[in-house]
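By letter and in written order, the chains are A, B, C, D, E and F; residue numbering begins at 1 in each of them.
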């Protein structure tokens, strides 16, 4: 499946924190560069995620803000 | 200023594409890892962005989806 | 590719309106039920969209609001 | 009240799952076509939602992504 | 129509900037406090907006970030 | 830090409701005008928020919808 979201960053799940409703998933997209995602537990189970699994962080460009010091 | 968004990824602007209303900004957050952001031209000018400038890609964790092959 | 977004609605592209930067795509997910999406022209071309093509409308459940009369 | 969101899909609540903080609401917008929404419990109560009630799934077009096989 | 979005701020349109595809609408919700919204031209026409008209700025609480100095 | 988000509304935290995973924060941006934000508990702690503290409600203009009666 190809998706219109501009950013599809390949990486590996390096940490997972399960909540009552949601799960926080850390995806390492480059050495030391982690992207945190919050998804529902249902989605977590649907994708059969686990630490060590290859996964993509998917982001719409319009949801990416820019900041400067 | 500190912000509640979970992901604040430090990088460098490596490409800019100006549109009539928006600007697409590519931020390299690690060698070969680029995050694309679409912001308004007004925001682009407010931040005085340009290729080579240090910038952060800022993302709410709830806006990051996860995908697997 | 499987994605964490909760809503993946299968349908067919029934109309397209190209803008300078974006494209508005109408996807019919059931007889008479259309979902409008605005994506970038780059995404439109990446997915090789056209009227009549099968496509999915993909939505995070947290981006779906509910209203009542 | 009229709203700027492009997609206002009329349907009926067919399932509800209450969480500690949020509620997942399934709205059937056409026979067999369900849209899942996650809203806060406060919003759920404000709208007096319940299975069988008429409701609209409201989506900004810019939050609808497109995918193809 | 009542909507699940947590923030429905009543105000008045004080400025409008029409673009090729979008319109930027400034809504004054209190003396000197303006909220900027970007909507499609189609939505702008659907709501028959104009400077001086009463309007609500509608925001999901999960789309409101918090920052501190 | 300057950010591309169009709306950066200065105010004061007037109420906080802690959940298992998230926190709802009410920011008064003008007398009687409150903006509700839902952020993660981790973000709440990172920003050391508390009732009475100065804070900004930060919103992308594209996440602000407009409604009329």
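As a working rule, a residue touches a chain if its C-beta (ideal position, glycine included) is under 8 Å from a C-beta of that chain, and two chains touch if they have at least 3 such contacts.
Just so we're on the same page, UniProt names per chain: A, B, C, D, E, F = Molybdopterin-binding protein.
Model, not experiment: these values are computed from the prediction.
Hopping across touching chains, the smallest step count from chain A to chain D is 1.
Counted by C-beta pairs in contact, the busier of A-F and A-B is A-B.
Looking for a copy of the C-E interface in A-D, A-B or C-D, one arrives at A-D, which has over half of the same contact pairs by residue number. Rotating chain B by 120 degrees superposes its CA atoms on those of chain C, with the angle stated to the nearest 5. Chain D and chain F have CA centres that are 24 Å apart. Centroids of chain A and chain C (each the mean of its C-alpha atoms) stand 22 Å apart.
Here the spacing of chain E and chain F, counted between their Cα centres, is 17 Å. For chain D, residues touching at least two other chains, in rising order: 1-6, 20-21, 24, 37-40, 43, 47, 56, 58, 60-62, 65-69.
Chain pairs that touch, as defined above: A-B, A-C, A-D, A-F, B-C, B-E, B-F, C-D, C-E, D-E, D-F, E-F. On the chain A side of its complex with chain B, the touching residues are 3, 5-9, 24-25, 27, 29-33, 35-39, 43, 47-49, 53-69. Those residues of chain C that touch chain A in the complex are listed here as 1-6, 37, 39-40, 42-44, 46-47, 56, 58, 61.
Listing the residues of chain C that touch chain B in their complex gives 1-5, 20-21, 40, 60, 62. Residues 19-22, 24, 38, 62, 65-69 of chain F are the ones that touch chain D when the two sit in their complex.
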